[in-house]
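One structure is given here, and the rest of the page talks about it.
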C-alpha cells in the first residue's frame, strides 16, 4: 500500500495589515486581515522534508505587508490580485496562489482620527493561476431583519413536525454572500473600480432584502441573487450562506396580568440551533468557475 | 469552624429581548441583552435548600420580556429602572436588584427593515435599592484610532527595558467606559432623556479622543474623563478600561528592495499581549457611589 | 438573462443534543452538537415560495432529538447514519441528507456525576444518498506540541525572506483531521465499532506526531496520514488542516542581566498570523469519494 | 469644577508565556497566560503626560518572560509572587502589583511531546503590596453535571412565574471559583506546595459536587465552599460564579410516534439566557481581605 499525497496548500493566515496613507495631513486608513495559500508541486516537502521549493509562510506574510506599501490598497480585490501574482512569481513550484482578504471599515473622526464602524465586513477571495485570475468579492456579518412581510406555511409535515404555520414572523439572518466576477478572455482587471462595485452590490442586496415579501428565507435569497445578477452583468454567480436567526414570539399567555398580549411585539433572539439556508444563483451562460471556489471555507 | 455565607446574588443573565414597536407601518426596533441579579437575605436557599424566598431566575427572565411590553423601552436606563423596581417589589427578601442591559443599534432600511450597525454597544447598570436608584451608563467596543499625534517617551527604565522611545505612533483602543449619574435627593429620574444623554457623552468622548495630543494612553483617558465631567454636571464620575491595541511598525529594513521604506505607513495590528490602562476620573464633590459599582465586571 | 438556481441545501445547525442513559443507577452521558442539511430538488421553495416539499428545519431538529432516544447514540457515526436515513425517507424531494455531529467527552465523577474533559472533539460527517452512505470521521481541537526534534531550513528565499533557519524549534498545531471510511459495495456499516475505530485512529495520530522528527509541518502531516492509512485498511483517505501555532523564542539579549540566556526555554505563544498547512493523503486504490466531502467546511 | 483622578492601574495583559524545562531529555512544559497591573501614584502620567515614573507595559511583559527563566515556574502562585515582587521593586511610584496567571494543562505523549488537556484552567491572582502578599488561587471552565439528585421547588411565585416545579432535573455549571489563602503574619509563602494545594482543592470541589443532593445550585455551591474551608484550614474564603447551564427536557408529546416518551433521557443544552448564581463562603475568623480582591473581574 503506497499512500499518495493528494490536494495540498500552505500559507500564512490572518496577517493583520493596517495601511495608513499619510501623504497629506488628512490620513486614510485601510484595515485588512490577509491570508495566502500556495498550491502546486510540493510533494518533496511532504515526503522527504525537502523545503527547497517552499517559500516560507513567514515570507508570504512579509510580502503581504510590503505590498501594502509597494502596490498599495486601493481596494482589497486589486491588492489581492497583485499580492497573489507576486507570490506565484516568487515560487516556481506553485501553480496557484489564493489570497483571502477581509476589510474592516472605519469612520472618520478627524484628519487622523477614526472610529471602527463594525457591522458588515467586505471580503475577497482571489485565485491567481498561471493562466489567469479569478476574483470573488463578498460580505460577511451582514445582519438584516424584517419585522413583518415574512411567513412560513404550507410546508411538508411528518410525525415529528410540531411547528405551527406562521403568517407574520420576523425574518433575520447574518448573511455571508460571495459573488464571482466574470472571467473572460480580455478582461482588464486593472480597469475595474472594485470599491464602487462592492458598494453597489451591497446596496442591491440590502434593498432586495428589504423589499421582498418572504415565504421562506430560500425565496428571499433567490430574489437577492437574481437582483444582483440582473443589475450587474459583470457577475457570473452568487452564493449565500444564511443562518436563520430565529426570533421567537414570547408567550405571555401564562402571565397573570389582565389584558397583557404579545401581538408581534416582544421576541427572544435565539442562539442555537438555527436554520441554515445555503444557495447559489448563477447566470445560465456563466463562464466556468474553474478553481475559483477551491477551498473557500464552507458553502461560501 | 462554622463557615459563613458572605456576599451573594443570583439572577438570569443574557436574556435577548427584542422589542418591535408596530403601532404604525413604520416599525421601531430595540435589541437588548438583559441580565438581572437579586441580592439580600437568601441564606436559607444556600444553607438549608429552602427556596421559599427565591424568585426563580426563570421568573426574572419572564419579567424582563413582559416589561419590554408593559413598560416599554424608551431607553435602556429607563427600562432597567422599571424592571429593577418590579423585581425588588416581587421579592421581599431582596434588598437590591441590579439590572445590566446592553443595546445593539440597528440602521433603518425601510419601514420594517433594518441592518445591524455593529460597533459600539450602549450599556447600562442600574441598581435599585430600598432607598434609591443608582444609574451607570456606558459604552463598550468603542474602537478608536489616532494615526499620529501620539508619543511615548521619557518613561522609567530598568534592566528589562528594551522599548524604544516613540515620537510618532498609532494610538488605538477598544474602549469600555462607564459613567455614574448623580444620585441626589430629589433627582427625578423620570425626567431624564437618557438617549440624548448617551449620545452627548459618546460625542464628547470621541471628540476628545480625536482632539487630544497624547503622551500616553493614560493622558488621553484622563482628558476624556475630564471633558465628560466638565460638560455634563449631571455626572459624578467616569471609569475607563482601555486595552492598548498595539499597532507595530513593520520592519522593512531586511527586505532586498531598493528604496523601500516604512515611514509610518504599514503596521501589524497585534492581538496579545496588550497594554491595559484603567482609570477613574471623579468630581471632587461627587455624592458617594454606595453600591452603584458593586459586582460590575472588571475595573469597569 | 434568466438566473438559475445552483447548488443549495438547507437544514438545522447546532442542535445541542444531550442523551442520558439511565437504565441503571450508573448513568451514561452523550453530549452532541448536531447539524443536518437536505439537498435535492427544492427549486419551488426558492423560486415561487412553495414550501410543500420542504421538511422544516424545526422538524429536522425534532428528529435529531427524537432519534437520540429512538435509535440511541452508541456512536456519533451510527447515530448520524440513522438520522440521515430518516430525514431522507421523510423528504421525497431530497436526494441527500448530510449530518454533521460533534461529540464532547465527559469524565466520570460518580454514578450520575461527570466533568467535561475538554480538549479534542470527535467529529463525524455522514452523507446519506439514495444510493448509499458516506462516512467521514474526524477530530478537531487536537492541540499537540513537540518541544524539540523539529527544524525548518533549506527553504526557498526571495527578497522578502528574513526568516532565520531553525535547527531546533517548537512544533505545535491545533489539528483538524478527517478520514473517510471506505465505501464499497457490500459494506455492512452496522457491524463497525465506530468508537473503537476513532480511538485507534486518534492513538495513531498522536503516536506518529510524537515519534516523527520534523523538517516541516508538511512532513509531519504526511507521516501521520501515511501511518493512519497503513494501519487501517478500512480508511480511504485522510485530510488535515493544521495551523502552525508559532512559539517564538523570546530574545533575552537586550536584558541587562549578566549570564541570562534563553536556550530554547522561554517562548511566546503567538496568536496571529499563523502558518496554515493543509494536505490530503489518500490510498492509491481508494474508491471514489463521490459527494462525501461536499460542503465540508474549509479544506477539511 | 476640578476633576480628580481616582483609582487607576496599568499593565500588560495576556502575555502567553511558555516555559520548557529541558535539563534532561524528558522535557517539562508550563503554559501560562500572564497579566500584570501596577497601582500607585501615577497622577503625573495622567495629568501632565509625564512618564518618568511609569515602568512601560512592554517592560512588564519582558519581565514576565525573563522571570519564567530566572525564577522558574514551579507553580503559578510562586511565579506570580516573584514577578509581582520584582515589578514593585522596579517601580518606586507603585504601591501594589497585581499578577494574574492562568495555566493550561498538557498531558505527556513522549519525552518531548505533549497534548493539551483542555477542560479546567488553574488560575491565580497575586497582589504584592509594600506590606505583604495576598494569594488567591482558583479554577475556571470547570464544567460539571449531575444527571439526577437535583430538584428545584417550593420557590416564590408571582404573576410572571410559569416555571414548573422539578423533582428531578439535570444540574450543570461551568464553574469559576477562587479561594483566598490566609494572610497571617509570619506566613512563609515559600514553604507552600501550591500545586498540591490546588489539586486537593479541585478534588474537594469535584467530590462535593458529585456527592451533594441539590435543592438549588445555591445549596450546592454553599456545600462546596463549606467542604473546602473545613478541609483546608489554610484558606480564608472562597467565591463562586456559577452559570446554571440549563438542560431542558425535550417535549416528545407532540410527536406522532406511539409509545415514545422522554423519561429524563433527552435534553437540549441551552446557551442563553442562563441562571447566574454567585456566592461567597468565608471563615468566621478569616483575616481581613485587604485589597486581595481589588479589580478581580466580576463577582470572582
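A, B, C and D are the chain letters, set down in written order, and residue numbers restart from 1 in every chain.
Quick note on the criterion: contacts are C-beta pairs under 8 Å (C-beta built on N, C-alpha and C of every residue); 3 or more make two chains touch, one makes a residue touch a chain.
In this text the structure is predicted, and so the values were computed from the model without any measurement.
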item	value
Shortest path length from chain B to chain D (each step joins two touching chains)	1
A-D or C-D - the one linked by more C-beta pairs in contact	C-D
Furthest chain, CA centroid comparison against chain D	A
Inter-chain centre distance, chain A versus chain C - centres from mean C-alpha coordinates, in Å	23
Gap in Å, rounded to a whole number, between the CA centres of chain D and chain A	38
Length of the line joining the C-alpha centres of chain C and chain D, rounded to whole Å	31
Multi-chain contact residues (two or more partners), chain C	15-16, 62, 66, 160, 162, 255, 257, 271-272
Complex interface listing, chain D residues touching chain C	15-22, 27, 29, 31, 62, 65-66, 68-70, 106, 109-110, 112-120, 141-149, 170, 206-207, 209-211, 247, 250, 252, 255, 257, 260, 262-271
Touch list for chain C against partner chain B, complex	159-160, 162, 254-257, 271-272
Chain B-facing residues of chain D, complex	1-16, 35, 37, 42, 45-59, 61-63, 66, 90-91, 152-158, 160-163, 214-216, 218-219, 221-222, 225-226, 229-230, 233, 237, 239, 243-244, 272-284, 295, 297-299
